[in-house]
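Note that subunit A is present in both complexes that follow, paired respectively with subunit B and with subunit C.
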Partner chain A sequence: MTAPATAPPASAAPPPPRDAAPSLERRRAIRGPYLLLLPAIGILLVGMGYPTVWQVVTSLQEFGLQQQFGRPAPFIGFENYAALATNAQFWGVVLKSIAFCLITAVVTLVVGIALALLMNAVARAPRLILQIALLLAWSMPVVAAMTVWIWLFDRRRGAVNYLLDAVPGIDMNRFNWLESPSTFFAVASIIVIWMSVPFVSFSTFAGLTQISGEVMEAAALDGASSWQRVRGIILPMIRPVIAIVFLLQIIWDLRVFTQITMLQDAGSKSGEFDLLGTFIYKLGTKSQDFGMASAVSILVLGITIALSWFYIRGLVKDDET
Partner chain B sequence: MNKRISAVATAAVAALVMAGCASGDTGSSADEGTDITLWLNGGDTPDELREFLKKEYADQAGGTLTIEEQSWTDALAKLTTALPDAENTPDVVEIGNTWAPTFTYAGAFTDLTDMYEELGGDKLLPSFVEVGAVDGADYALPYYFGSRYMFYRKDVWSQAGVAAPTTLGEFNAAAAALASADRSGFYIGGEDWRNGVSWIFANGGELAVQEGDEWHSSLSDPATIKGLAQLQALFASASRAPVTESDSTPWVNLNNNESTGAPEAATIMAPGWAHWSIGDLAPDPEDSTTLVPTWNDATFGTFVLPGTDGGIAPVFAGGSNIAISAASEKQDAAKELMRIIFSEDYQTMLGENGLGPANLDYASSLGDDQFATALIESASTSKLTPAAPGWAAVEGSGLLEEFFGKVNGGGDIAALAKEYDAKIDELING
Partner chain C sequence: MTNRTARRLLGGLAVAVAIVWAFPIYWMVNSSLLPNTTLQSFVPTFVPFGGSLGNFREALADGSFYAALGMSVSITLIAVFFCILFAFLAAVAISRFRFRGRKSFVIAVLIVQMLPAEGLFIAQYKMVSSAGLLDSVIGVSIIYVAAVVPFTVWMLRGFVAGIPVDLEEAAMVDGLSRFGAFMRITFPLLAPGLVASGVYAFLQAWNEFTVALVLLPSEAAQTLPLWLRGFVQASATRETDWGQVMAASTLVAVPVIVFFLIVQGRLTSGLVSGAVKG
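Let's turn to the complex of A and B:
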């Protein structure tokens, strides 16, 4: 999760040689940007490098509770990884997590962009109301929001069942949303989307404000319909914003943890309700197999990089052109 | 602009420096005695007892005792990360009795063998002493015990004309007869193995057995399977609880539902202290927005789960052990606190609050009401989970919840037992 945040400074390239500039000054100009990078690199190394290295080392060891209390941890090479490769349950969780993350990220993006377009289109007062509402949702602490969501979907007294049950012909009395994995993950997805839409909306809205009114006016004069304007002008112009927001959503939704854990507390902690985050937590902290849990974490890091590859490749391409 | 940046930078540096100071040692009461920390799990230890410990510790050792409460669900994870770390470890810890073997084997606790006699010796509850001992040395000693018995609605039972059961078979039939579309004859969650295991024990089954030095999960044992089959039938016929519910708060279903005025369960099984949460609901005089239950003998009653041929079915022995963290740098002060905990005063207070005292000499402090009688009666045959080195990992993994949930969901018991035997065997020997 470190890679995309630190884009290489394009400006670090040496300035084109002008007529016999003093070499000392030139060297200082080159050194300056690198010096400025040092603190960031230092913090990254200390904050993320150390745990990552520890995790890689642990993933090659047999590391359980007794090792946690000081017994030597034997190195077992890639045995943890080999065990994972043939573990059907693990691959089930991986597929489930990727599906969950992609579906949730795409829906978040669609809803978020739609709200941003709405914000852009309406008058000041409704826009402010919308923005404040989104801001409140965004700033709500996760635990508080989860508690309310769990109440809403409560089997006995939840507002969702109550309202659905009031619709004639639908019997939702005591329907247990958290009992089967399909409805469990649907609820989880709704909650995660609700929590991340504000970020997408605000980022997109910020992008929209950068589109000059003249372009839009010209398009309107040329007779472009509003859908054509969205597709042909707005979306391409805010493409960089959408790309980075989508990437962040994918990363966040892949490692979603709090929401799933709290829903499991309200429902079941069974393996079929696990995504990667809770799977690792169960394996490491709860079953005390830290070696295997580290191996899974390293694999998740790999999956994250693979999923965000589209963005990194795009960056490199943009750089080349 | 530059000024603003340097202001921000200064603020950031100041924040870092202050954070650094805050984590430094600010304690200066070294002469006043040693300050120690005690971890308790959940709200099981009442406030009155906590205050007593703090006061006694201040009087006897001169230091401050800080009591930190960990929730039962997070305790295992917190113990795993905090106990090995001398900087962050609590000095004295309460630990679920079933986790005691794992942490004891791992070397998390201080050897208390030389204090054993002083703290009560063979008066201490033997089965709990055993789970906290390795190779004859005592590490984790009993803190309190509880055990599970049945709470029932007298009105519902008598209205249905169902007689009090004297065997497990009769209980199963009675529970099924009491069930209706919106009421459980016996309310038990599908994943609730801590209560459900009684049906295994009653039929002579075990969760795991020891052969030589090795532990093996024994879900496939014919006696275990027989118990599971009874439980599966009971869940289907008598319980309206979700199959995904684990050991939770079944007592809310025994009280009248606020909106319907009727209970949703005729019978539940719960640890003895649940009786504080059961009764006629009335608005709290101090806060009219909440309802408080008051036990009413006319409506509510207790009985002990009967065994297959009468007598008493063995139930899961609940409770906790208590130990000193081996990584603690305040061993002497921690031992001082242990002396207070095992003192007659404190042991008696445990009993008076419905918690079975570690020292059985003070068991009479439990009193002689129906709750004390049921507690002592059910505890007499209660059983602990296997004292295997990896048992805490087995519990932590959630495999038992998963297994019981699938069995009660109507799964093929023999096939599931085989599958989960293999999964549990991977963890059980540590």
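Let's turn to the complex of A and C:
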């Protein structure tokens, strides 16, 4: 009550600016982060957002050769999807892609974890040698890796056939790996495994180094065999790493367009050798059927997002802590 | 079997695995140094005694390597610069501010990071071609920035969050503005993070094949991966000169291997962070 009396002139004037100042600052503080996000959001909308929306729309249209030459594209609802559902070739490609992806991811995981356990078990020098070798493989650009592997699997002068042929009882002279789909995809799988194992090994090894030596010693004292220690202690403790790595492998092994395209360059471009990526590419470039290609693309995006969801949920939780 | 011999045996196994794993890379360099007459033999030559650089000269002879190198360098430089700039701003926003829509942005970034190029390239082709940007540096660069920004944001977010805000606040108490405090205190501490994400963006743009294949249909506008693929494609019509192909592969791979070895520690920790900690 006395305060206004002691300073009557000030009490009237200051409140408005004092009120305005924080609100202005707050408004600027609120606008700040959005301004910082603007360029990133902008480029994502142009490079990813618009194409996704265009694809959703086009997948509901008839968009074939005539539309490539300017005919308006009529909306046909879910006809593209319905056509896909009854297309045997499409289902073949989907099944092959899933099988390829799962087999490759599982083998990658098993080999990768085995090598991580090996790194953990050996002395420093052999560990370093193994790590350098894996890093070299990991760092190879995919196109360069493909040319080397195609040369290694070359029918007549490839090192693989030569070495296998040298084993008594095996006749691999001039064996054409890229001729039949089963060996074609086996080669593709070997190459993808070769390239992806290093990531699995290093991630798992990082997880292994977190396990305290005391726990392992205690288990050994209690008479646990080394296999029991692996199964009972090591594997459960590195399970979170393995779960994430496995999920990433599955997602990555669905996108093997580069590898399949280059193997088809060296072998055959026939439809039997297609996985989802090359299937979409051929629908778009050869048949010029963008409506159908968009429908398949939407399915691929949907599968990827569904699979990624667990990974993303984990990361978001991590972000909040 | 004593513990020590078991350890030795495992050591031997580790070295054997290492040899198998590094063999393809050794084979690339080995074949690149051997003359074609040696490679024509049905018995492979395992050590390049008396090798020469003739294959490299041949691979470089028609000048297409330099054109592709120029294309790759321009696209990569543009992509890395804008990617780092945009990602840096966004990383500051999500790690220094709490605001509405922050979580949605983080989720969107993580989802986009997962999307395969195969799922979008038809639409990207359509978009870039109707903008008249096929076979141009700009068209590919736009897609590359959009594809690489998400993971770079995520990577930089970790780096920015790792620098305590207290440092900035202390500098502000000492009279610097908020922007000044950020530029003079946080930014220098962030340099290693910027370099690591820059190398990551470099690797992505430099090695990318799928989008480049779709958006650069003309032979005159090839990037290095497309140039290298050309050698394998040519094998459909004539006998492949593997010495030359391996020389070309070596040329493409060596700078990447060097850069990769610099950045790899940061990469793994970014991808599985959280899982290892918990």
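Here is the rule we go by: the second predicted complex is superposed on the first by the 242 of 321 C-alpha atoms of A that agree within 3 Å, B and C clash if a C-alpha of one lies under 4 Å from a C-alpha of the other, contacts with A are read in each partner's own complex, and residues count from 1 in each chain.
In this text, contacts are C-beta pairs under 8 Å (C-beta built on N, C-alpha and C of every residue); 3 or more make two chains touch, one makes a residue touch a chain.
Only a predicted model underlies this, so the values are computations on that prediction, with no experimental measurement involved.
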Q: Using the superposition described at the top, determine whether subunit B or subunit C touches more residues of subunit A.
A: C
Q) Does the superposition put A:229 against subunit B (first), subunit C (second), both, or neither? A) neither
Q) Thinking of the overlay built on chain A, is A:265 touched by subunit B (first), by subunit C (second), by both, or by neither? A) both
Q. Taking the contacts subunit A makes with subunit B in one complex and with subunit C in the other, which residues are shared?
A. 265, 281
**Q.** Residue ranges of subunit B in contact with subunit A within the complex
**A.** 73, 76-77, 80-81, 83-84, 102-103, 105-108, 191, 242-246, 326, 392-394, 396-398, 401-402, 405, 427, 430
Q: Quick one: which bits of subunit C touch subunit A in the complex? Just the residue numbers, please.
A: 7, 10-15, 17-19, 21-22, 24-25, 27-28, 31, 39-44, 82, 85-87, 89-90, 92-94, 96-97, 99, 101-103, 105-112, 114-127, 142-143, 145-147, 149-150, 153-154, 157, 206-207, 209-210, 213-214, 225, 228-229, 231-233, 235-236, 242, 245-246, 248-250, 252-253, 256-257, 260-261, 264, 268-269, 271-276, 278
Q) Given the complex with subunit B, which residues does subunit A contribute to the contact? A) 64-66, 68-71, 155, 176, 178-179, 265, 267-271, 281-282, 285-289
Q.
Which residues of subunit A touch subunit C once you look at their complex with the stated criterion?
A. 29-30, 32-34, 36-41, 43-44, 46-48, 50-52, 54-55, 58, 115, 118-119, 121-123, 125-127, 129-130, 132-152, 154, 156-157, 159, 162, 194, 197-199, 202-203, 206-207, 210, 240-241, 243-245, 248, 251, 254-255, 257-258, 261-262, 265-266, 276-277, 280-281, 284, 290, 293-294, 297-298, 300-301, 304-305, 308, 311-312, 314-319
